[in-house]
Amino acid sequence: MTEKVKLTWNGKEIEAPKGSNLLKAALDNGIEVAHYCYHSGLSVAGVCRMCMVEQDGVPRPFPSCNATCGEGMVIRSDTPKIKASVEATLQFHLLNHPLDCPVCDQAGECGLQDYYMKHGQYDSQMIDKKVHKEKVQDIGKNVMLDAERCILCSRCVRFTEEITKTNEMGILNRGDHAEIQCNETLKNDYAQNLVDICPVGALTSKDFRFKQRVWFLEDVHTTCIGCETGCSVKVSENKNGAFRVKPVYDHEVNGHWMCDDGRYIYKHVSSPTRLGGAVENINGLFVPADELNVQAAVKGKKTKYILSTALTIEEYANFFNAVKGKNVEVALYTLPSDGPEFDGILRRGDKNPNLRGAKAAFELAGFDHSQAGLDNLLGSISSSDAVFVVVPEILYNEDHFNTLIKKVEKAGVRIALACGETLGTLRAFNYLLPIPAFLEKNGEILNYQGQARKLRKGMTYGEASKDVSYYGKWVNL
Amino acid sequence: MGEPMILKADLYREHGFLKGLYLGLKITMMTMIRNLFKHDRMTLNYPEEKYFYSDRFRGKHVLTVKEDGTLRCTSCMLCATYCPAQCIHIVAADDSDKSVEKAPVSFEIEMLRCIFCGYCEEACPVDAIRLTNEYEMSGHAEQEWVADHYELAFRKSLNNGKGVVSTVDDKDRMKLRL
Amino acid sequence: MSQTEKFEFTPDRLALYKEYLTRYDDIDSALLPTLHLAQEQNGWLSDSVVAYISELMGLPSIRIKEVISFYDMLYDQPVGRNIVHVCTNITCSMFGGREIYSGLLKHFETGYLTPTRDGRISIQKMECLGACEQAPCMRVNNDYVGNIDLQSAISKLEELP
Amino acid sequence: MDYKDVANYKNYALLSYHHIPGVHNIEVFERAGGYETMKKCFEMDPEAIKEEVKQSGLRGRGGAGFATGVKWGFFTKDRNAKKYLLCNADESEPGTFKDRFLVEKNPHILIEGMIISAWALGTQKGYIYIRGEFYHQAMVLERALKEAYAKGYLGKNIMGKGFDFDLYVHRGAGAYICGEETALISSLEGQKGQPKLKPPFPAIKGYRGLPTMVNNVESLAAVPWIMRHGAAAYKQWGTEKSPGTKLFSISGDVNKPGVIEVPLSTTLKEIIEIHCGGMRNGNKLKAVIPGGSSSPVLNADDSYAVKMDYEDVAAKGSMLGSGAIIIIDETRNMGDILKYTLEFYHHESCGQCTPCREGTGWLEAIFKRKETGKSSKSDIVLLDKTAASMRGQTICALADAAAMPTQGMIKVFREELEQYVTAAPKK
């Protein structure tokens, strides 16, 4: 534990580790300080000049992002001098800003709008010609760049330099002609973070582009189920569907960032082709069916379950409670790893979000979770069997899943439990039954560290009440 | 609401009811006498005769167009946000013209829900939506009560289907760019 | 000298580059001299020059582009064989530096840094050249020419190869 | 340019060799007594050299006027630690050309000064960062360095003291901001020449994150003289707080513009009338910019009264800066002068800090509103307000350097500027 020091900020006593960043100390203690270029996950640039503060005994105001905490410092950010300087600096930020808020996706969560309402509210005296730069540039990886809206805080440059070390972004030219440019296209797997760290609308997401205004959205703080890292994320959604995924700061797992793959985990949840109720496969056509028909088909068959690794600990527990003491075979299907084991930042090759939770639950219930267990189950399938396969929520590797389906084909009744779209691969099944998606259930998963990560329930777009344990009760009907 | 009441009360307090009575009757009598000698009717033979409302009337909406005939709306959704009846539904998309950037692919107003408050007109930053003095909005089926952007911008009654051109924003922008 | 034409240091320039590396304690610091060297050879710093230097020095190409765009004397567009800097700062402008600059542009029918049609001259408006005692002054390639007027400037530039 | 009265120079410190023909040659320079001081200094304790420089009261000649000896005092005393000595020869302040004049005629005085300073500070490597436009001066320096290497004054084990010092020339590429010491370091590091956040100061963490001392050409070139004649002799000139002599670059409406060396505290009247041969065409003096384009302008009365030292110029509301004196006579319009100044700062802002990046451009735009027919007298108020809000807001002093002359000009020539901005644009 580092030494803590006490300092006073606008008369409020706050505590911070000695030598830590002064601005961070204020932000951590809930003091609102205007800033653009400072980001606690990146190095200090000190160029936006918004976080100026005065200290007793120091003649000139200085930016708090480039100062460190010391014992007994008396800092003020509410003096008339500072207020005037923040207002003036904000005015400089907005001078050449195009003010195309009506067409800008950032509107509603834009630093310029927020601070104008808080610290600005002046009458603009800018009647001169603005500096124009290139708009609407697609710089790859679903990121759109608008150089004109940029306030040159250099966060994106520092991100590609320090975090991904791919150096795609740079600031060319100087003076007010300086503009952000991308060297060819973005090539890193964390490019969408640029959209998050951009305090204005210069970098926006092409995936989210013009889909919704942010004030129509509500955030659900949940966990990414894209891989075993289990990044803390928030999904923005409303009654029309889920629209985007953004990381939430979590110092134990993901810090400030998340990878690009995780950005698309919301897609199946509110997809128009999502499975809404039980369907029957009649000669390759999926036709709505009654659940009782499915039950009738299963009746008298020996039931076998192949679970996926994307279920919550609670779902596993409830499922094993439901099948406890019954003559049933259960195996675990794990997705093969995709890419290197760990890319050095966040992304892990193991795409099974709750592998550890699943294994623990299997062991507790006395089932075999190994590949051998799965092979045994697959090997013993006969036409007198009813096989329930839980389709992995994020199906990275369809080919690998197809090989599983091939082996299931011998079974008399094949039932897929799916929460996503009705994929072509699922034609091999007789029935499809809906289960809730990750955004429609509360629960926990264990990530690669063995840490419990919370899934939280947001809005419901499909059948969310019947989870795996509900179908677990259909054993040996 | 409060102000005229207080005025009336003052009038009553100062002059008793007689002055109020006199003022009211004066108007009535004057109108009566005028109508005795002038032959203009208070009623119209609708629909053959139509009443012309002033431009400030809040009737059926119109989406204005630019000089090139495209919709002025940038689909910023401010009208949809502001609308107390939540009757405006916009779907936005990229525009091929980079200087426009964002344009609606669909703009619908549920006329049955609309309360004609005019907030959408007030909220619009680009003068894209206006309420006209058009008041005839009858229909037979539910479908007809959802006005899409063809209906809103290019219906027959607006310049013979050519739409209402607005240049307000262009001038402002030109001023900035110079 | 197009954008894509392949670029490589000549052997003697490569040797000079190696010598530069010995002067500095890290490779990054040698960037500016190396860019000067490349510009001497190629005239301007095209994308292929950037790519070559990026590979040679192991620096991200965006860093090199940033540096090129930052400095007035490094060119990311084709320029003429001779570079003419005309000072337009306070003292020189007092003595007609701006008129000379616009006069030169008019005479050679060109614009800021755009090479003349014969590719002979690029005229660049510069901030203070640090020769205010000879105001108005200009810099023809690396030589200072002081106390000019439009006529003498034109005749000086007409002599250029 | 011929300097007819070079004979005057030998009386003073910096230009005392300039009258000798061919002094850029090391042989000539040594015959005239050059490098002797260096040899003497190598017999001295480095700390004693530092002390002597501190005693002399030499102030940094780059513009800020911070005492060189005090600055050296902040430098690490660990002689084994890797550290750098940088010479700032990126003089780009409009109106300044003293370093060019000093270096092209007599590069060895700078090299000698740098070797002495390096010995005093214990730096192992040095770079002379010279602006890209000074190609010939860079070549002169390169040649002089070769000569010094050949003599064994540079390189390994100098004067048998086991002290290594390598000195190189580094050419800039045309950016005013690189004259700022942290920007100079950034530029030397092969980055854009953008100033770095302070603290840490370069003396603690500079070039490549190591302690770095950055001094102006003139400051370093003054060191040999001080070491030769002693701090007391240096103090015979100037005032208590600004001792010594200084190079002034004089340009504008005088008969003989050029570089002169005079003791600090010489009156500007003397400089104009004696050293520069009076006003051009006998015109009346209107204003003087006393310290390069970033210093506020002085009106005629103040100009004739001011003594050119750090305190007196400051007392008149301006600053001595780099000693670039621009003389403006009655025929000039001050609006034009301010326009040139604002255009310069707009062009040279590095684009890092917002107030400077946007502010410099806006100052120019406000001042040029008449070109678009939107100007009014109140523009001057806005100009003043905008300039005021730029001051003290940025990493380096460029925003201040743009704001100060603007505010200074408005203070002194308000009415003229009001007329200027509202006048019909020239066709």
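Order as written gives the chain letters A, B, C and D; numbering starts at 1 within each chain.
Criterion: a contact is a pair of C-beta atoms (placed from the backbone, for glycine too) under 8 Å apart; a residue touches a chain by one contact, two chains touch by 3 or more.
This structure is a prediction, so every number in the text was calculated from the model and none was measured.
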Where's the contact count highest, between which chains?
-> C-D
Counting only C-alpha atoms to place each centre, which chain is farthest from subunit A?
-> D
Could you grab the centroid distance between subunit C and subunit D? Build each centroid from C-alpha atoms only and quote it in angstrom.
-> 24
What is the distance, in whole Å, between the centres of subunit B and subunit D, each centre taken as the mean of its C-alpha atoms?
-> 68
Determine the centre-to-centre distance between subunit A and subunit D, using the mean Cα coordinates as centres, and give it in whole Å.
-> 54
Centre-to-centre distance between subunit C and subunit A (centres being mean Cα positions), rounded to whole Å | 48
Where subunit C touches two or more other chains simultaneously, the residues are 63, 66, 70
Please list all residues of subunit B that touch 2 or more other chains.
-> 178
Which residues belonging to subunit D are in contact with no fewer than two other chains?
-> 175, 192, 347-348, 350, 372
Which word fits how the chains touch one another: line, ring, star, complete or other?
-> other
Each pair of chains that touch: what are they?
-> A-B, A-C, A-D, C-D
Okay, in this complex, where on subunit A does subunit C touch?
-> 167-174, 181, 183
Contact set on subunit C toward subunit A in their complex | 60-63, 65-66, 69-70
Which subunit C residues qualify as touching subunit D in the complex?
-> 23, 25-26, 28-33, 35-36, 59, 63, 66-67, 70-74, 85, 88-91, 93-94, 126-135, 139, 142-144, 146
Using the touch definition up top, name the residues of subunit D that touch subunit C in the complex.
-> 1, 82, 91-97, 100, 125, 131-136, 166, 168, 170-176, 187-194, 208, 249-253, 257-259, 289, 293, 324, 326, 328, 332, 336-337, 340-341, 343-344, 347-348, 350
Would you mind writing out the residues of subunit A in touch with subunit D in their complex?
-> 44-49, 52, 60-61, 66, 84-85, 88-89, 91-93, 95-96, 125-129, 131, 151-152, 171, 173-178
